[in-house]
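After this come two complexes, each holding chain A, first together with chain B and then together with chain C.
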Partner chain A sequence: MTSKPDTLSPAGPVRARSRLNGAHIVTSVAAAVLVLLAFLAVFADWVAPYDPLRQSLMEALQGPSAAHWLGTDDLGRDVLSRLIHGCRIAVIAAAEATTIAVLLGVPIGLFIGYRGGVWDWIVMRIVEAVVSIPGIMVAIAIIAILGAGLHRAMIALGILFSTSFLRLARGVVLAEREEVYVRSARVIGASDRRILMRHIFPNIAPPLIVQVTLTVGAVLLAEAGLSFIGLGVQPPQASWGTMLNTAAAFMDFNWFLSVPPGIAIILTVLSVNLLGDVLRDSIGRGIAVETRPETPAARFAAAPGAAEPVVLPRRADEVLRVENLQVMVPAPGGEVPVITDLSFSIARGETLGLVGESGSGKTLTGLAILGLLGAGVRATHGAILLNGQDLRALSPRQIEQVRGNEVAMVFQDPTTSLNPAFTVGSQIAEVLRVKQGLNRAQAWARAVELIDRVGIPRPEERARAYPHELSGGMAQRIAIARALSCNPSLLIADEPTTALDVTVQQEILDLFRDLQAEFGMAILFVTHDLAVAADICDRISVMYAGEMVEMAGVDALFADPRHPYTAGLLHAMPHASDRMPPLPTIRGNVPRPGDWPSGCRFSDRCDFRVAACDARIPLLGRERLVRCIRAGELELEAAS
Partner chain B sequence: MLKLIVQRLLALVPLLFIVSVLTFSFTSLLPSDPVDLIIGDAGTQQQYEMVRERLGLNEPVHLRYLQWLGRAVQGDLGSSFFNSVSVMGAVMQRLPVTLSLTAMSALIAILIGVAAGVAAALRPRSWVDRFATLGATFGQAVPNFWFGLILVAIFAVNLRWFPATGFTPLTESPWEWLRSVILPSIALGTSSSAAIARQVRSAMVGVLQQDYIRAARAQGLPFRRVIFRHALTNALVPVVAVLSFQITVLLGGALIVEQVFAINGLGTLAIAAVRQQDIPMLQGLVLVMVGLVVTVQLATDILYGLLNPKARPS
Partner chain C sequence: MTDKPLIEITDLEVTYWGRSLMGIGGKPFHAVRGANLSIRAGETLGLVGESGSGKSSIANAVLGLVTASGGSIRFGDAELTAMRTRYPPAIRSQIQAVFQDPYSSLNPSMTVEAIVTEPLHVHTSMDRAARRARAIELLKLVSLSEEHLDRHPHQFSGGQRQRIAIAAALALQPKLIVLDEPVSALDVSTQNQIINLLYERRAEFGIAYLMIAHDLALVHHISDRIAVMYLGHIVEEGPSDRVYHAPAHPYTRALLDAVPLLDPAAQRRRRAARKFAPAPDAPRLSATGCPYQNRCPHVMPRCRAEMPPAFAIAGGGTAACFLHAPDAGPAPETARLSGQPACKEPAAP
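Presenting the complex of A and B:
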C-alpha cells in the first residue's frame, strides 16, 4: 500500500503487475478465509470461548464487550461462540447438500445423456418443471415431505441442486458421445459402462469442479435462508441462519446481532465464489488462445509535423479536399501512425478510388472524414475540407449535422450495417425525420420513393421488411438509399460490393453510376479490388502502409503503372480469360503500423530496391503522382 | 406475433402436465397419512373411514388425479387440512402482497441494472463499471434477507424513514404501500440489478461494435438516439432472454424477505403449511407459483419477439 511505483519504468507493465498482485492477494485472502473456516469447524469446541448453548438471561442482548467480543443474544448466549460453532454447521451443510447433488445428478445425467430416447425426454421435462418453480419453493415442498432440520433440509437442497449437475453431465455426454474416439470404442465392442467410465467421465471433471464451487456458495446461502425461516437448522443449535432469525426478532433492541452472522456468510460465500473463479480460469487456461505478442512502437522515423508540401492542384468544383492527413492509433508505449501525409481531392460528380491491401489505411481514411475513428484513434494533423469547411475543426455536435446531410457512407456488409431490430423503411424514414424534419407520413412516403429509386421492386412491401428478410444485394440497395436520403455532396463507399455475389456486384456498381449521374455527388470508393475500381472510378489512388504511393486516371494507371507496388497489384489481378499461369503475388505482407521501414515503406517487398530507397521518399508529380525515386527509370509491365 | 404466442402456449402443455403430476403425487409421497393429519390423534375408525371417503382416497390413483386436475383447472384447489379454508381463497388473498414485492423489486432491478449496464458499457473501467462488477460479485454472496435486516437497522430503526415491518395494500393507500414495499424491494432487487447490469454491459459492448451502430452514426443520427434506440434495442435481446429467470429468483427470494419485514405473503403461508404438513395448501402454492413463472416467461418471450424480429416465426 505504501510503496510507490517505480517512476522510471513505463506505466503499462507496472500497472499490469500491480493488478496481478491484486488478484493474487484476493485469492490468498479467500483461501485464508476458507482455511480458517475449516479450522474453526473442526476445533470449534476448543476455540469458542463459551458453550454456544449456555444461557445467561442476566446478560441478554448485550453489545460487544471484553467478556463477549461480539455481545450476547436474547438468551444471553455468547455470539462469538455461536458464530464459531456455526462454521461447523456451514461446512456440514455445504458438504452434505453438494455431495447429494453430485451423486444424484451426475449418474442420472450420464445415463439419460447416453441412452437418450424416452428416458431422456421424461427426465428433462421433470427437470424443466422443477427449475420453473422458484428454488426455495422446491426446497420448502421437499421439506414438507421430509420434515425440517439440518440434514433433511440439506437433502432437499441436494435434490434441488442436482438438476444443474444432471444437465451438466448430460450436456457433456451428448457432446462426447459423437466424438470419434467414443464411437470407435463402441465399434470395438467396449461395454456402455466402460465407455461411460473411461471415455466420458474424465471430460466431465473440469466443468464439474467449477459447478461444485458454484453450488457450495449457493447451498450456503440457501441453508442460511431456510434456517432463517425456521425450516433448516432448528434452535437452539447455532447456525448463521438461525442466528439471523434471532437477530430479526430483536432488531429494535440490538440490531448489531444481525451483523456478525451476515459478515460470516458473505465472507465465506465470497471466498468460495472467488476461488471458484480462479479455478475456472485455470481450468480454462488449457484451451485459452495465446495472445499475440505486442508490437514495439519504435521504428517510425518520419518526424510527425514535418509535412510534405501539398502537391494537389486546386480545382474549381472540388467537393472534398484532404490535406496532409495523419491518423494515430493507440499502441503499447504510446501512439503509432496508421495514415501519414495523405492528400487528395474529389470533384463534383467524380469517383476517386482508394485502393490497397487490408491494413493500408483506406477504410480509416473514410472514417476520419466522418469523424468516426473510434476509441483512442485520432486524426492529429492535416485538414479535411468538405465544400470548403474544415471538418476537423468542428465540434462533435456540428459534425453530427454534417454527417448524413453533406457526407454519407455505405459499408461493406449490408446485412450488418442495417439494424436488425427495425424495418428497412423505418431506418430510411428515421434519417429523413431526424435530419430533414419531415413528419412520419412524409418520411415514410419519401423512404418508399427512395427504395423504388434504387431499383427494388414492390417498394411499399419491401419497406416493411426486416434486414434479415432481404438478400445481400437488396440490403445494399437499401443502405445506398439511406445514405442518399439527404442528398449528400459526398458519398463514401467502403468496399460496397465485396460481400456480394459477383452477379450482384455489377448491378450495384451500375446503380452507383446511375445515381451519380442523377444526384451528382462525389464518391470516395474504397476497395481492394482493382477490377471493381477500374469499372467505376475516374481516378485511382493507391495506398500502401498508410500513405499514397500513386495516383492517376484509371486508364493511365492501368496502361502505365509507375510504382512497383501498383504494378504488383495489377499483376495479381485475376483474369477470367487465362487462369492457367498461377497468379503472381507480391511477396511478404504489408508491414504493421509501427513496423514501417523509415525509408520507402514498400522497400522490403520491392524487386527494384536500391540504397537510396532507405531515405524518406516524397510524392512527386502534378496530374499523376508517384512515390518512388526510380519511377522515371523503371520499365514496369502494364496489366496484361 | 400471434403465431409466436400460440407456439409458446403449446410448448407449455408438457411442462404443465409434469408439474401437475408432480404436485398431485405430493399426497402419496407424504410419510404420514393425510387422513390422520385431518382427524388428529383422537379420531375414531369411523371418522377415519368417513374422511377417507370424502377425500376420495378409496378410488384408483389415475381417477383421483383426473378429478383433482379437473377441479384445479376450474380454480378449486381444495381446502386446507388444517383449518379447512379454501386454498384458492387463502392464496389469492396473499398473492397481491408477494406480487407487489416481486414486481417492485423487478422494476428496481431492471431500471438500475439497465442504466448501470449502459453507463458501464459506454465508459469501460469507469467507476460505474467497477461498481457494477463489484456489485455483481457481492450480489452473489450477500443473502438478500440479511441485506433486508441491515436496511431495517439503518432506515427503519435508526432513521425511522420507513416502517420496519408490515404491509399496506395498494388499494388502501398508494403512498403507504410504496413506503411499505420499498425497503424489502431494495433488499430483493439489488443483487439482481447487479446481475442485469453485467449482462446489459456485455451485450451493449458487443452491440456498440456492430456495423449498424457505426452506420447510424455515419448517417448523422444523434449520439443519444443511436445509444438508446439503435443499440439498446438490440442489447436488450439477450437480457430479456434471461429476465424470466431473474424474476423467478426474485419470486423465490420474496418468500424469505417477507419474513424479515413480517409481511403476510405467500412465504408466510408456505412456511405455516410446511409446519402443519398442509398438503393442499402447498399444492396450491406450487401451482400458483408455476402459473406466475409461466406467465412471466410468456411475457418475456413476447417481449423477446418484439425486440428481435428474427425470433418471430414467419
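Presenting the complex of A and C:
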C-alpha cells in the first residue's frame, strides 16, 4: 500500500461528518417546529394572549401592533390567538384523518394482498375508481353525505387517504408473500393470521412510517382547503383554513391577514415531510449497514506498507497486463481494501481462470478492468494495461470507447443482462451501430450472422425474439454474441455458466472454446467452480481474500496444488471424492474485507500454520506463483 | 427401519395453471407427470434433475405448499393430497423443510431466537424461558451458540444462515425434512460443512431426508437412494451407488458426463470422445413417448410411440427406458467409470 490512500482516508469521514451536520440542523429545525406545534395545541388556552372568539369590531382589520402582534381580523379578533388555537385544530385534524386512514387502509390492504383472488379484484377496482376522481371531489361527496364540520371532514379525508395505505400494504404483502421465509412459516404450520401479523407486518413498518408523515402533510393541506371552501371547520371556530378564508374575503382591506396562516401551513407541512425523508433514510441505512466491533481501516493500515514488486515476466502476445491492482470499498470509518497487489497477464488466445469463493475479489477484478466499479468503489493503485494502454489513465469518455470495442463482458445471469424490452437481434445491432458505425440494415445482417455463429438455429427468426422467450442457455449464447460483436481482444466472462444447468453449461463451455479458436481473443474467466476452470482454462489464478494465493498452468495446478487453500478447495469439490460424510472441509469462513488477518490471510483456517505465517507473505515463483512460505516443504494431496 | 415406508408417493401429478392476460383461463403446465417415490424412516432420498424437471414441485406437494392435481402422497396412515394445503398440526410438525437461499429464507426483521423458536410457538405450549433454553440447545446442534440468539439474519454469512434454518427445522423433531437445494447457494468450502452437519443430525435423530439438488455428485455423498427427474418424469431410481456408478438411463449418464472432471487431462480426453452434441433447439417435450427422445443418442422408433414404463435394473432400482426392456437384448454401455473418460461412441440407434 502506498501513502496515497492513507493521506486521503481521513478526509473522507470528515467530509461525511460535515454533511451529516448540515442534515442534522435541518432535521432539528423541523423537529423543533413540530414540537412547538404540539405544545401550542395542548396549551393554547394558556399561551394565547386573547380569547380567539372575542370580537371587538372597533379594532377590526388592524395591522400588527404591540397589543395585537399579528393584528386583528374582520371582527376584531386577535390573529395570533386564532393562529395558536388553529394549531390545535391542525393537530386534531392530522391525527384523526391519518389514524382513520391507517386503521382502514392497512388491514384491508393486508387482507386482500394475502388472500388475493376475488376479494383483491373487487377492492382494487373500488380503490381505482376512488383514486381516479380528484381527491377534493371525493371529500366533498363524502361530506355531502355526512354533513359539514371538522370531524366529518376528517372522516372523509381518512377514507380518501386510506386508499394509499391500502395500496402500500397490499404491495408489500404481495412481495413478501412470495418470500421464502413466508413459505418456511407455512411449513412450520403458522396460521394465516400469524403469518400476516408476525412475519409480514413488521416488514411493512418502514414504508408505513414514511407514508404516515406524507399523509399528515397532505391532511393539513386538505383540511385548510376544505375549511377554506367552508366544508371543514365552521366559523367562528379558528382554524388555519377558515383564517385563510377570511383573509381572502378581506384581501383589499388588509393583505397581511393571509400571511400568518399561510406561513404556519407551509412550515408545518415542510417540517413533516422533511422528517419523513430523514426517517426513511435512517430506516434504509439501518438495514444496509451493520456495525463492526473495530475499525477495519486502522487494522489494515498496520500491515507492512510497500507494494510488492511485480513478479510477472513480460510475455509475447500479451493482451492484458494488470500490475499491483488495489481496489478499495467504502466502509464505516473509512475505506477497506477488497483487492490488494493483484498482478497477472493474459496472452492472445489464452484463457486465464480467476477462481475463488465469494468475497475473494474475483468479480471486482473484472469490473475494475472495465472501469465499471460501483459507487464509492475505486481502484486506488496499480496499472491495467490493455494492449499496452493504461486503462486507469483514460478519461471516462475514452474508456467508453474501449469498452465493447476492445474488451467485452459476459455476465452470470443472461436473463437479467439482456434488456427485456428489446428483441435480442436489436440489442446486438445496437452495439454494432454505436461502436462500429454500421447502418441499420448492415447492423441487423451482422447481428443475424453472429446469432448463427453462436449456434442458434433459425437465426433470422430468433433475432426477433425477446429475451424472456429464450431458455437460459439460448439467452447466454445471445449475450456471448453481443460481447463478440466488435471482435474484442479481451473477453471477461463472469460466472457465465453458473446459472445454467450442467448439460447446458457443457455446451456453453464448448462454444467459448470454439469461438476463441476462431477469433483468438484472450479470455478472463471468473468462476467459483474449479471443475469448470479445469475444463476451459489454460492457466488458473486462485484468489483468496482479495489477493492471489496461487497461479499455475491448469495441469500443474490440479496435479500438484502448492497452496493449502487450493488443495482444500480441490478436496471439497463434490465430485472429488466418493466417500460418505464426513466430507473434507476447510474450517471457518472466508473473512470479510476489513477482517483479514494481518499476515497470511488464510492462516486462521490453515492446518499448516506456523509462527512465521503472521508476517506478510509474498507471492513467489516464476512459472508457478504461490503465496505460502511453506510451499516448498508441504506435500499436499492432489484431488483425484 | 421397517418395510413400511414413511412416505409413499404414487402417480403424483402437479399442474400449474398459467394466467392469461385477462386473468382467467390460461394454459396448464404439467410440472410433475406421474411420479412414484417412497422414503423409509431414517432414509435419505436424493431427487436430482435440471431446472424445470419438477423436483421442487414434488417437494412443494409433500410440504403442502401446492395441491397435487392427481395421485397420492401417503405419510404414515394419512393421505396428504386429500388435505390440500391444510395439514393438521400433528402432520405439519412431522414434515419440515430447509430451503435453498439462506438470504431470503430467514425473515430479516426477526431475531435468531424468534426464528428458531417460531415452530415451538406454533406447536407447543412452552413458556418463553423454556423456548429460549430449547433454542440454545438447537443452536448447539448446528455449531452455533447462545451469543447468536439476539442477532438478526443479516449479521450472518450464508453458511451460518443455513445452520439457523436447519436449527429451526430440527426444533419439532420431525420425521422428514425436505431439503430443497440446501447448499447450492453456498461456497464450496462451506457446502461440505453443511452436508456433514445434516448427515450427523440424521444419524443422531433418525430423520428421513428428501434432498432436492441439481448436482448428482453432491447428492451421492449423503443419499441412500437417488431418483432422477426429467421434464416431470422420474426416469431412473435406485440405490445411490448404483445410480452414480452405473447409471441405466441415458439422461442420468448425460448428467454425470456434463460435470467437468477435476483432472484437466482426463477432461480433455472426455471432451474429444464426446460426439453427440444435443441440438440446443430440440423441442423439449413431445406429445407421445419418452420425454428424453429428442436428446437421446439411443432413441428408437418405439421411444417415440410409447412412454417407457419403469424396468427393473440389475443392482437395484428402475429406469424408464426401453434399452432395459426384458426383450431389448443387451443394453449398450451406459456405465460411467469415475475419473475416466467415460464417453464412448454411442451405439447406433
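Keep this in mind: the second predicted complex is superposed on the first by the 330 of 640 C-alpha atoms of A that agree within 3 Å, B and C clash if a C-alpha of one lies under 4 Å from a C-alpha of the other, contacts with A are read in each partner's own complex, and residues count from 1 in each chain.
Going forward, a contact is a pair of C-beta atoms (placed from the backbone, for glycine too) under 8 Å apart; a residue touches a chain by one contact, two chains touch by 3 or more.
Worth saying up front: this structure is predicted, and the values here are computed from it rather than measured.
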item	value
Touched partner set for A:G217, first chain B, second chain C, both or neither	first
First, second, both or neither for A:Q389, with chain B first and chain C second	neither
First, second, both or neither for A:V434, with chain B first and chain C second	first
Partner chain(s) touched by A:I136 [first = chain B, second = chain C, both, neither]	first
Touching partner for A:A483 - first (chain B), second (chain C), both, neither	first
Touched partner set for A:L418, first chain B, second chain C, both or neither	first
Chain B versus chain C as contact partner of A:S358, first or second or both or neither	second
Contact residues common to both interfaces of chain A (with chain B and with chain C)	none
Residue numbers on chain C that touch chain A, as the complex places them	23, 50-51, 63-65, 85, 87, 89, 92-93, 95-97, 99-101, 104-110, 118-119, 122-123, 154-155, 157-160, 165, 168, 178, 187-193, 195-196, 199-200, 214-215, 217-218, 220-222, 254-255, 258-267, 271, 277-281, 338-339
Complex interface listing, chain A residues touching chain C	121, 179-181, 183-191, 194, 198-199, 202-203, 205, 287, 290, 357-358, 455-458, 472-474, 477, 501-507, 509-510, 528-532, 534-535, 554-555, 558, 568-570, 572-576, 578-586, 589-590, 639-640
Chain B to chain A touching residues, read off their complex	14-15, 18-19, 22, 26, 29-31, 137-138, 140-143, 145-146, 149-150, 152-153, 156-158, 164, 210-212, 214-223, 225, 230, 233-234, 237, 248-249, 251-253, 255-256, 259-260, 267, 270-271, 273-275, 277, 279, 282, 285-286, 289-290, 293-294, 297, 307-310, 314
List of chain A residues in touch with chain B within their complex	125-126, 128-130, 132-137, 140-141, 143-145, 148, 217, 221, 224-225, 228-231, 244, 247-248, 251-252, 255, 258-259, 261-262, 265-266, 269-270, 273-274, 367, 370, 372, 396, 400-405, 408-409, 411-413, 416-422, 430-431, 434-435, 466, 468-469, 479, 482-483, 486
